[in-house]
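Report on the following structure.
Naming follows writing order (A, B, C, D, E and F), and every chain is counted from residue 1.
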Amino acid sequence: MTETLESPSATIISRLEVPELDELPAELRQQIAALERQLGYIPNWVRAISVGGAHTARFNTYLLALLDPNSGLLPYADREILATVSSAENGCSYCRLNHAGSLGEALGDHRLGTRIAIDYREVRELSSRHRILAGFAAKLSVRPGDVDDADIAELRELGLSDEEIFEAVHVISSFAAANRFTIFLQVRPDDQFFN
Amino acid sequence: MTETLESPSATIISRLEVPELDELPAELRQQIAALERQLGYIPNWVRAISVGGAHTARFNTYLLALLDPNSGLLPYADREILATVSSAENGCSYCRLNHAGSLGEALGDHRLGTRIAIDYREVRELSSRHRILAGFAAKLSVRPGDVDDADIAELRELGLSDEEIFEAVHVISSFAAANRFTIFLQVRPDDQFFN
Amino acid sequence: MTETLESPSATIISRLEVPELDELPAELRQQIAALERQLGYIPNWVRAISVGGAHTARFNTYLLALLDPNSGLLPYADREILATVSSAENGCSYCRLNHAGSLGEALGDHRLGTRIAIDYREVRELSSRHRILAGFAAKLSVRPGDVDDADIAELRELGLSDEEIFEAVHVISSFAAANRFTIFLQVRPDDQFFN
Amino acid sequence: MTETLESPSATIISRLEVPELDELPAELRQQIAALERQLGYIPNWVRAISVGGAHTARFNTYLLALLDPNSGLLPYADREILATVSSAENGCSYCRLNHAGSLGEALGDHRLGTRIAIDYREVRELSSRHRILAGFAAKLSVRPGDVDDADIAELRELGLSDEEIFEAVHVISSFAAANRFTIFLQVRPDDQFFN
Amino acid sequence: MTETLESPSATIISRLEVPELDELPAELRQQIAALERQLGYIPNWVRAISVGGAHTARFNTYLLALLDPNSGLLPYADREILATVSSAENGCSYCRLNHAGSLGEALGDHRLGTRIAIDYREVRELSSRHRILAGFAAKLSVRPGDVDDADIAELRELGLSDEEIFEAVHVISSFAAANRFTIFLQVRPDDQFFN
Amino acid sequence: MTETLESPSATIISRLEVPELDELPAELRQQIAALERQLGYIPNWVRAISVGGAHTARFNTYLLALLDPNSGLLPYADREILATVSSAENGCSYCRLNHAGSLGEALGDHRLGTRIAIDYREVRELSSRHRILAGFAAKLSVRPGDVDDADIAELRELGLSDEEIFEAVHVISSFAAANRFTIFLQVRPDDQFFN
């Protein structure tokens, strides 16, 4: 049982087959190479979803821009809160472990990143802004029809413009998609999450 | 009440502001122009989500390829079944009315398109293949963690390759995102849906 | 698949057997004849539930009075809102398609009838009175124990007398029954719904 | 608090006003008189729902025939099982207490009547026939869309004809309506239930 | 079917085997003897859970102190309200029947005890204090994560100290455990409940 | 925000007041001292629940025996699986973080402990025995009424005696209680969880 954790072959990181890197479209190979440069290793999620070929490359283009620390309308920490809470509410183990780390870095507090990835509701230290964003992510992820005019008004009271509000909607909705990929494929968490 | 339906101004098609066409990034303007050529009018959904700017343009690139009748691994009717059932299960009124029409066309049977958009479960005439795809779309949309190995085996027994299975996952997941946009914005159904 | 839609035999409109008209109790035959005069055809629902014989005749007597445009305490459009929203919340495909039409006629706006039959929550044009009645129908249909004193106060503030409030309860509750008949029998939607 | 239980005025048996007997339509007065002859007192439910006037009289005509021990296709005990379990699943306190008694009488075992009114699932002594009927009542009451062909086949295997199956559907559905009346009105349980 | 009710053997009071009294640890035998002295008979629940040996003895020590009429911080009737509502919300038939009786005695009103054991929400006569305690028991039993600071503030406004609030939490939580024992074992209600 | 994490005062580890150690009953002080000897520090949970005084001491006596690595009928790793999955299903952040660690130690694999604390369903490496125990813990924690005879048979097929099955029930049920304490109090995770 535990041996497989030490030397995983490509096939056990996913419920579907995992194509070799050199079978992939050029755009997808470049995205993977960029992630490897950034992280120092190739995360399992991008290997696993590469079975989607050109569709996956187009999705990555969409997603990676939303999570770029150096662009975007909303502060990076806001977008990481939205990504992390969406992943928790959608029930994606891989993404919770992954974003516990990246949110921890964005907040400069790894304990907080981990606790929010478990359940933001029990984190009394959460700032009011982050609590509102987290609640919005939870509602739009799980009960989108319940988002009402008052929820939008609350976001505007935080100072968000309509463009920023819709960027938040994009982050949450991109994780509605990405979490379904990772849950469906049962992607094995990266060894690097546990260091 | 009904007057607003006759001459809607731009602002009432969405809960957020709707940018003028000439304020939009070039890529988004081209996508809108292509939709107008194809349909004979600009659908409300693309006007409403254009508040997302470049993010929206990237999402459209991803989504429109998944719904292209002339490309894709799975037959177009399969992808329309997945899109329609996902929209129904996610509770998106706009998308149900929209895909009732496009699914009806794909099936060559508008009654069936409408009935599936209401609830595929009560459509006894559904083919076995379409029923399995519909059930998969419903489960991955609403309870993704419940998709088990037997569900994947069932798709493989229909003859789907792993690439085709993941294309189905992409269609369902792109609607997990798109439905959340349209529900969040409460996009008003196009007048053209009712002709 | 589509052939069956063109020339349905009696048996495929229901999961139970459908008695011949001349086997039915006289009262039920008269109710069916009256519906045929009114609509120009015999709707599938009344054929399908006629397997209940005298019980069904007694239920029809109860139901048809509640939906009579020319009697009743509440305006007919109010009662059609209650019937349509109850049918949607109970998940009855046949009744949603049926009442999308009759509500559309009652409102003089078929688009609105269809949209309310899909989901009243996303219809921003709904009047305040109709929104309150729709919310009451949804709650009493699905979570009756959650109806509280404040809900009753809200109906009284619309000017409803206790007799009128209980007529609304009768309409909603008669559809709690009627929808269960039609869902149980999987009654095939009438061809006439699609013209 | 407890004083009100000893000498309740008419108004506290219901959340809506309770009309005087002599204000009621003749048919309703006769139904109430017949119940009084049968039970030795006028039960609160029929006083409370009499605010519905002629609608209520028509409903009673429908309901009372379904529960008549001396007519009906299905044995009376079967119909009482269906009524009791539906009332429990719909969450109606008044009806559970009421049918705990009448079911107990029908079964000749008041302990069993009470236990089924609490939760049939924990009553291991339930006969196989009654367990199947109880399960059917629970499903059609709460998740009607989940009733599938196998459920119908199971009822047929018990020997039920299609007419008998639909009588069962009528009993369950009439309680979908009646329970909503009683829950909505918060009818106070009769003192006689506790003797 | 009914014969088994008249002369139950030890084995049919539980889904697991029921040890003989003389096989039990001394502490458990003493607890059982004390219950027999108090009630005049040995209740089925304590026989059924005695399969847990020393674990069960330790649990009983914890539970019985919480329900001791002659000790505790909160009035005994408060603790019985908490126990009864928790049992109802957790869906334990045995415990509802059992505490309908003991709550009835604590309140000096057996009708009220029974009605609260069915559903406290429909008991309009409930005092404000008991309604708040009942609502707290229901929420902590079924949706513990929803208990918020306002719920705690409401308990404090009733005059409860923090020690008393946590005694309430202990009562509710001990029934989260005890109800699971009894539901799991499907303990047969005592004949004495029906006298 | 983060400062509070560095030097927490006693009061912010809980929503209720936290008594000084020397105010506590002797039995509780001894339990706390034993935990400090074992762990090298006093965990927040035991400080927080000490507001329950003698009730809490009795609960601890019950709980700590169930989790003793050196006693118990079931292997310690089995009991840690039950405790961890129950905590996850009940939604207790503190307990998930706590038992991620202790389960990791029991399994000799901290990655696996953490992944099971997130969601056992996505851990494909789980042994068949642990998967069955985890599924049982999830069902008894959240939907106890759904545990059926087949679930008990499955446990017996693993070789569990009735005494061992009920020990499993005790572990799961003790966490139904303990998780409610910790969720209610919003106990702050120990700093030591993050090393």
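By definition in this document, a contact is a pair of C-beta atoms (placed from the backbone, for glycine too) under 8 Å apart; a residue touches a chain by one contact, two chains touch by 3 or more.
Everything numeric in this text was worked out from a predicted model, so none of it was measured.
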Greatest separation from subunit B - chain, by CA centre: E
B-C against E-F, pair bridged by the larger set of C-beta contacts: E-F
Centre-to-centre distance between subunit E and subunit C (centres being mean Cα positions), rounded to whole Å: 44
Chain centre separation in whole Å, for subunit E relative to subunit D (CA means): 29
Centre distance in Å when subunit C and subunit D are each reduced to the mean of their C-alpha atoms: 23
Subunit D: positions in contact with at least two other chains: 91, 119, 122, 145, 183
Residue ranges of subunit A in contact with subunit B within the complex: 15-17, 49, 51-56, 58-59, 61-62, 65-66, 90-91, 140, 144-145, 147, 149, 152, 162-163, 165-167, 169-170, 172-174, 176-181, 183-184
Subunit C to subunit B touching residues, read off their complex: 1-2, 4-5, 12, 91, 93-94, 96-97, 108-112, 114-115, 118-119, 122-127, 183, 186, 188-189, 191, 194
